[in-house]
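Here's the structure, in structure tokens; my notes come after.
A, B, C and D label the chains in the order they appear, each numbered from 1.
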Amino acid sequence: MTFDQILFYCLAAIAIISALMVITRRNPVHSAMFLITTLFSVAGIYLQLHAEFLAAVQVIVYVGGIMVLFLFVIMLVNLEVVSTERRFNKQWIIALIASAVLLVEFGYVIVRGGKSSLLPPVTGPAQDLTRKNSEQIGLMLYQNYMLPFEIASLLLLVAIIGAVILAKRRLASDK
Amino acid sequence: MADVEEKVITALHDHDTFLDSSELIINMGPQHPATHGVYRVRLHLDGEKVLGAESYIGYLHRGVEKLGEHGDYRHYGPILDRMDYVASVSNNLGYCEAVEKLLGVQIPPRAQYLRVILTELQRIASHLVWLGTHAMDIGAMTIFLYCFREREKILNIFEKYFGARLTTNSFRIGGLQFDTYDGFEAECLDFCNDFPRRIAEYEQILSDNRIWIGRTRGIGILKAEDAIALGVTGPVLRGSGVKFDIRKAFPYECYADLDFDIPIGEMGDTYDRYLVRNEEMRQSRRIVMQAIEKLPDGPIMGKVTKVIRPPAGEVYHAIEAPKGELGFFVVSDGTTTPYRTRIRPPSFVNLQALPPMVRGQLVADVVAIIGTIDIVLGEIDR
Amino acid sequence: MVTTTEYLILAAALFTIGVIGVLTRRNIIIIFMSIELILNAVNINLVAFSNYWQQFTGQIYALFVITVAAAEAAVGLGIIIALFRNKETVNADEIDLLKW
Amino acid sequence: MVEYFLIPAVQILIIFLVLLLFVAYATYLERKVVAFMQVRLGPMRVGPYGLLQPIADAVKLMFKEDIVPAGADKWIFMFAPVITMIPAFTVFSVIPFSDSHTTVFGYPVHLYITDVNVGILFVLALSSIGVFGIILGGWSSNSKYPLLGSLRSAAQMVSYEVAMGFAIVSVLIYSRSLSMIDIVNAQKDMGWWFAVIQPIGFFIYLICGVAETNRAPFDLPEAESELVAGFHTEYSGFRFAIYFMAEYANMILISSIAATLFWGGWLSPFPNVKALSFLQVVPGVVWFFLKVFFFMYLYIWLRATLPRFRYDQLMRVGWKYLIPISIGNVILTAVLRLYFRT
């Protein structure tokens, strides 16, 4: 087993265990903590895949931005009753069965795909992922993917406005 | 008044909060760095916005009023030192004058001037404590130590004169116990000559500071009519633009002979009160300098019998203490013990203005407003 | 050397866990977190394929997914706050009216 | 093996220990400097001139009882200070103290732990984690003042991070690299510190840096007069010490980044002026620490001088002034860079 593999299995184990914790913890703050752990190990996996820029973005945006927002909202809507309530909804057995089916499907596809090498071979000139990662991503974003980039920015703008309007306190005159 | 009360009550039952669910109730105090003692204010918050406030007092209650009815007239003085403990001298002045009024005693001019000098120095010291703690509440920590540096000079004079720094006591019914020590005048003048430079220093740090202005301008506005309705006195009243000072309105001691101005504010916000108190320190300095110049020779004790036995009757006498009108209502039944000693402490009455002032402000402003009212818990709880 | 298949297995596991979370939990905030898990699983796939083909496209796609996740979290949490304000609950199965 | 594991491990250990010492003496520096500004002496009792005061403080805090409030979320409460401290110390692994290197036992050793090509992103990423320790510490205390403090700090740190990021971007436009070493070298090539080229970005970074570390006048999360001690009201003993250390480590960190990005890191002042080349006799490390010291002094100076902002004023400054100005600065810089390509 190489160092690479040991690292991968550690990260994967952390990711999966904490993901399981996310969906089983009673307290949303604990769930959020474990989600942060998952996000970190996913960032580590990005590093293994030579995506340094993406790993940094993952931590900055997900951990530093989205999860702070999550914690903020959890604290705002903090209910005392949460700790005594049922955790799962009534149809959880059906949900588990459905998910099991999904997992089996995934497993089948991956095992089959892995064995018969269904993945098409590399097409086009290979790009060197290891050199100047952020610079190359930047160039591609602003040249090849200009339109999606602009659309993404528009989406964020819409999200900002939408979030503000949704969360805004309703004025007395509106009621 | 009823209007103000109405506002406070509606504030407490107004449930228009951020999540339309529950308001947050915070107990500020009795253990809190910014409540200036063991004072507790219960804040009803919507996020950071204050919906209402209720004061809970009495943590420092020592039965000062009741103690006055158990000793003879002279014994009350040292107890009163502990009332407004940052302005002990003023407490004694009010009480002694009330009893003198009851007795009908005239005190000698030298004693009058000395009393004025000492109480005005005490006013400066008290205002310095106020400025230091107020600025510290708002986050400017250095000014606190600068203020205490100057206060130290006053306390050194006090220590030499009274033999004590905090609970000073030399005012007696009929005059003073001690005459001045050698060099008293020189030391007072020395302080007064140095003092304008120091006030300029404080104002240089604070007055034009944009953060300071942002934290005090328009915060805790008390309109003149509200201030009068609430019975507020002292710098808080004058900050609201009402030109009322007992030293001018009902001159006692030798204030009629002295020349000084009464500064008033315009808007009645925290910044105005800050300016008013700063100006009051300057005016007190003026008074001290004039009084030292005019200080007559002569006895320091009037004609008072060994045992004080005022004729049956009652008297109310108020002085302008650093924090406002400090009134003493003394009832005599003709014996050597007062029948009733009722105190009207300025902090207690001024504190009433807190709930209407903090309504609609933010949590951070509450400490600024508590600071600007300038309360001393020893005086509130008595 | 870690093969692409192993990354895909990890992604599949995370995806399924996310789906279980969405389907079984009552607390809407945790449902949201499960959705983040699903998005992350997808991102792992994208980046793994990007590594396999030695192309940046996958990474850039993942970048867009993160952008969408950010937008989604902002709006979603806004909805939760609005919901909580009106219904005083964050349980998905108690929010069963189309209009109130 | 030695090159990949042993040397970095030793380097990390040395830098960690040196940093701990720096953090301890940063508290001493602060107390002394503030004391002198306030016409008093500061710590004088422990050791000559109170020099052993930080050690005495550390010992005291170690032996204090570690109180966990009733109803607190015990695990999160115990873990939260560590979350704040770890990133504060980890970020120093990409701070270049100097570019000079020596040979130890035949192996080349640099005066920095590592140089990664996403250096500044790494810094931003890790510094955005520190806020969790504050939020969780405040939340898990099961007390109202800490909760208010942590909500304040969450909002504050998230909003000021935006402007700070844009201030850094304006530097990156000139440096054309995210690596900390390359950023300093770019300043060497240009012959100017970026603070001269990017004054607006520099000031925005400074303001945001003070706000990020929750220091006066932006010390709302721990505003003593309002929220008692903010998010760490319920903490005592060693856990409080960890928060305290993290705060000072963050101050040193922000100062180091300011020195690296805007004041040319280990470069001597005006590296291109021939007449000043004698300054290069002084080793780069010394220049670096002098610069860091200056920024630390600035922190203390601000604390001794300014009153505290109010929460809404803070948000207004952040969102209405700093962020628009910093975005405008980035656009202006980009346009200038495009038209005056050098």
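Rule of thumb we're sticking to: a contact is a pair of C-beta atoms (placed from the backbone, for glycine too) under 8 Å apart; a residue touches a chain by one contact, two chains touch by 3 or more.
Remember, it's a predicted structure, so these values are computed and weren't measured experimentally.
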Item to complete: Considering only mean CA positions as chain centres, point out the chain farthest from chain C.
Response: B
Discussion item. Taking the mean of each chain's Cα atoms, which chain ends up nearest the overall Cα mean?
Written reply: D
Worksheet item: Which whole number of Å gives the spacing of the CA centres of chain B and chain D?
Response: 44
Worksheet entry | Rounded Å distance between chain A and chain C, as computed from the means of their C-alpha atoms | 6
Response to the item:
Per the C-alpha centroid definition, the whole-Å distance linking chain B and chain C comes out as 62
Worksheet entry | Contacts with 2+ other chains: residues of chain C | 81, 84-85
Worksheet entry | Residue numbers of chain D (touch at least two other chains) | none
Worksheet item: Which residues of chain B are in contact with two or more other chains?
Response: 19-20
Discussion item. If we count contacts the way the header does, which residues on chain B are in touch with chain D in the complex?
Written reply: 24, 26, 32-34, 48, 135-142, 144-146, 149, 205-206, 209, 211-212, 214-215, 362-367
Discussion item. Could you list, by residue number, the parts of chain D that touch chain B in their complex?
Written reply: 34, 37-40, 144-145, 148, 216-217, 219-220, 223-228, 303-313
Worksheet entry | Residue ranges of chain C in contact with chain A within the complex | 1-10, 12-21, 23-27, 29-30, 32-34, 36-37, 40, 43-44, 47-48, 50-57, 59-60, 62-64, 66-75, 77-82, 84-85, 89-93
Fill in: Contact footprint of chain D on chain A as seen in their complex
27, 29-30, 33, 36, 52-53, 55-57, 59-60, 63-65, 67-68, 71-72, 75, 132-134
Worksheet item: For chain D, which residues are in contact with chain A within the complex?
Response: 73, 76, 116-118, 121-122, 124-126, 128-129, 131-132, 135-136, 139-140, 147, 150-151, 154-155, 158, 161, 178
